[in-house]
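Chain naming follows the written order as A, B and C, and within any one chain the residues start at number 1.
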Amino acid sequence: MSDLEMAATSELGVRPSADPSAGPASTARTRSLTADAWYDLRRNWIFWVASALVVLVVLMAVAPGLFSSADPTACTTRRQFAGPSGGAIFGYDFQGCDVFSRTVHGARASVLVGVFAVLMTGVIGLVFGMLAGYFGGWLDAVLSRVVDVVLGIPLLLAAIVLSKRLSADQQGSGIATVVIVLGILGWTTAARVMRSSVIAARSQDYVAAARMLGAGPLRIMWRHILPNALAPFIVVLTIALGTFIATEATLSFLNIGLRPPAISWGIDIATAGKHVRESATPLVAPSVFLTLTVLAFIMLGDAIRDAFDPKLR
Amino acid sequence: MARYIIRRLLQMVVTFIGATFVVYALMFANQNDPIQALAGDRPVSDNVRQVLTEQYHLNDPFVVQYGYYMRGLLTGDFGKTLTGRPIGDVMSDAWPNTIKLALLALFFATLFGIGAGLVAGLRRGSAFDNTTLALTLVVVGLPIIVLAPIAQLVFGVKLGWFPTTAGARPSLYGLILPALVLGAASTATMLRLTRASVAENVRADYVRTARAKGLSARRVVAVHVLRNSMIPVITLIGVDLGTLMAGAIITEGVFNIPGVGSKLLLGIQTEDGPLVVGFVSVLVVVFLVTNLLVDLLYAVLDPRIRYE
Amino acid sequence: MTYSNPYQQQWPNQPAPAAPVVAGWDDPNRGGWDTPTAAWSTPPSRARVNQPRSGEHLLDVRDLRVEFGTRDGVAHVVNGVSFHVDPGETLAILGESGSGKSVTAQAVMGILDTPPAVVRSGQVLFGGEDLLTVSADRRRQVRGQEIAMVFQDALSALNPVFPVGWQISEALRSRRGINKADARRRAIELMDMVQIPAAAERVDDYPHQFSGGMRQRVMIAMALAMRPKVLIADEPTTALDVTVQAQIMDLLATLRAELEMALILITHDLGVVADVADRITVMYAGRVVEHADVHTLYAQPAHPYTRGLLASVPRLDHRGHGLHSISGTPPNPAAIPDGCAFHPRCPWAQQVCRMTAPTLVRIGRLDRASACHFPPEALDARLA
């Protein structure tokens, strides 16, 4: 690195210890990297806006009553497209349902799907990525082919086909089905990221040293590799959470994910879209909430990544 | 290089078989009554049952059925839809529309993404930079099911600039709004990547060298900065193709374009197995070939990359 | 011209060159520690120092000041640097890393990024024309065509995605408008000139396919493509092995002579330029602290900083003995010490050094000056 570049970097306020190119050399280093990242994160307004949005959406999911006391399923065509009144600040939709109440209650499906799908893809991605990265060889080759196959079909398309099949027989709450679909199809990026982190960490001196001292693969992976590989993994999963929420809404929009009487932003957007010429407000409210939620997770992931990898700024 | 291509082609064959097999299995296997599934909701007479059993080799093991299907596929025989239409005909109707739509979307994405990304990267921290950055953030978070109906409402219904639906034989003009919607996410990612890449490259030593040669500012940017910044952006096009195809399902639905996306969705909803597997097979091939081409293009653009 | 040494008498006890000298650089017994006997005995053959004709030099930099706006405040990187070169002459600019040499060179070339850099004041006179005040177009015309530059790290300074021949002849094509075939031929000629073997076969290779030394030759060929009158080489050999360093230095010296160029060699390593430079300008914290012709500088360094630098040069005749480097580090340009910038590291420092900054004063009859409150005799006396 020339002095000029050095100067340019320091101009960006990057402390030398946060230099990502040096790679994680020790646990102490990792700690300071984490501390540095947290320092950067606290100074990033995007992080705070995103976090606030996430808290808001989670609150709506856990306790919708805090926001709207109206029953989202108490609909009557008498109030079709009626304007705002009382608690129904966004008025009523085609079926005469309280748009605001439905929007607030719609958060639960999104959050549930997002969180559980991310947990599932996280576990699958972690295990596959670690195994492929740590052991390499034929295991890596096989897992890489599996990743290729899953990635060979666009997520949404695969999700449509799979949801259709899984929900063909059963009726009722589709949340579990959607979670399973996204879990089966969505783990590839997480696995890839974990795999390359593991490969990078595996060649580090301290890992070799630990191995020489007789530590078993499980212990090495858990104690030495995982802590260093965690940051990019968390970033990918945070962004995936946003993507999964969008995919759930899309599947529901297509009448394949959640179906009425379930309450989902995707369903409401689809219904409102059909009657958009009569009234646009029922379309806007769930659209805005869905966008903000997806955006919040993507921004959060971006902010974390920037904090850990200042070069990308 | 040749070895690399051969290895990649072999991997592609594996991926292709894997992907099509999974979709085939999902569409045909594990059905309580495959023939009923094949026929959709219509009642099936014993006679038809007989014909279908033979046509789809239903008495053979499942993998053999798949084998027969593949053999047909490779000889260009996609079979027939449940409604009896040759799938090849459906494809030749649908593909041109989707290809037009996707190319138009890709065109807009590259034009706006690279153009604005270049300006933003050269003027980091400027008002233009901050505005585009905020805009791209919103667009990246905007699901297409939100964007498509709202764009249709605003630019089609309210402002009347574009037709609200494209119709059976979409004109190029009718495809502009859908293409902008479809390409929005790609535009945003391309813009951000171009910006980051340009911002990094303008500070590169070789750009300083180019300036030291007394080249014009225009040439420094167009030849040295832009050329090097395009290398990572090219990879994005391969990835974007998947996003575009998925997005086409929604976009074509909303704007009523008779393309691959809407045919596929219809096929999935009516459980038209042959149609879905046929379309997905072609999609997978397109996707894999594009990605191989992108990787090869990458090596052409960056001589430091050697494949073996 | 005859060479005279005004300090000969004050340095009577010069030890024989082979005598082991172990003293610390501030050791009083080090009187003649750097006497380069060989060069001393022969009159400087290359020192064809062009005396200013009617006060006009080919390139004359006067009182150049460059600042950077940074988060921590204004970084005063170049603080009134002056030097000049004439055709056929080699000027070395010497100083530790961070002393502002590269920024000075880039300010002369006009390739500093502004912002963050600001050229506060000064003149860069090329053939009498102040490049700091001419139009951007004229500036660009001079750049590369009249004054060219070779950078330190050829690997990053060459564009990785274009063949070397293409890069060498790029300026010829885009500025002189010569066609592709001629450009290619010129590129091969230039590669021959910088002694790249099999130039015709290698003209279409990419930078990463060359060794470090060959890449630096490519850089030099590229800089010479427009036949510049001044060549600035910013640490051209720092990234290379010692043997390759010598080859590159020889090449530069040869080319300078053949092409009658003025050569400015920037380095932090006095050992590298000893054989090629005619005059040396020593920089510290963005200021010129001493300048002299190379022999005088080696024999009787006037400034304590120069003395320190000399003490840290590995020399064949002093082989086997530890290097003496100046303790401490150069100051942060955003917080340059008051008084003499060198005082925190200077073994001679006195109260006056902390209070007032010394100015560059002429020493003796030669084109020679030092920026220290104490003349060399006084420094020597204090050591005795």
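Just so we're on the same page, a residue touches a chain if its C-beta (ideal position, glycine included) is under 8 Å from a C-beta of that chain, and two chains touch if they have at least 3 such contacts.
Listed by chain with UniProt protein names: B = Oligopeptide transport system permease protein; C = Peptide/nickel transport system ATP-binding protein.
What you see is a predicted model, and the numbers here were worked out from it, not measured in a lab.
Engineer: Between A-B and B-C, name the chain pair that shares the greater number of C-beta pairs in contact.
Structural biologist: Output for the comparison: A-B.
Engineer: From the centre of chain B, which other chain's Cα mean sits the farthest off?
Structural biologist: Centroid comparison gives C as the farthest chain from chain B.
Engineer: Using Cα averages as centroids, what's the distance between chain B and chain C in whole Å?
Structural biologist: Between these chains, centre-to-centre, one finds 57 Å.
Engineer: Starting from the mean Cα coordinates of chain A and chain B, work out the distance between those two points in Å.
Structural biologist: 22
Engineer: Got the chain C residues that touch at least 2 other chains?
Structural biologist: Within chain C, the residues that touch at least two other chains are 153, 156.
Engineer: Multi-chain contacts in chain B: which residues touch at least two other chains?
Structural biologist: 203, 205
Engineer: Which positions in chain A are in touch with at least two other chains?
Structural biologist: 2
Engineer: In the complex of these two chains, what residues of chain C are touching chain B?
Structural biologist: 106, 109, 111, 113, 140-145, 148-149, 151, 153, 156-161, 170-171, 174-175, 206, 208, 219, 222-223, 225-226
Engineer: Applying the document's contact rule, which stretches of chain B touch chain C when the two form their complex?
Structural biologist: That would be residues 203-206, 208-216, 219, 224, 227-228, 231, 301-304 of chain B.
Engineer: What part of chain B is in contact with chain A in the complex they form?
Structural biologist: 11, 14-16, 18-19, 22-23, 26-27, 30, 137-138, 140-146, 149-150, 152-153, 157, 196, 200, 203, 205, 242-243, 245-247, 249-250, 253-254, 264-265, 268-269, 271, 276, 280, 283-284, 287-288
Engineer: If we count contacts the way the header does, which residues on chain A are in touch with chain B in the complex?
Structural biologist: Interface residues on the chain A side: 2, 5, 8, 145-146, 148-149, 151-158, 160-162, 164-165, 168, 242, 246, 249-250, 253-256, 266, 269-270, 272-273, 276-277, 280, 283-284, 287, 290-292, 294-296, 298-299, 302, 311-312.
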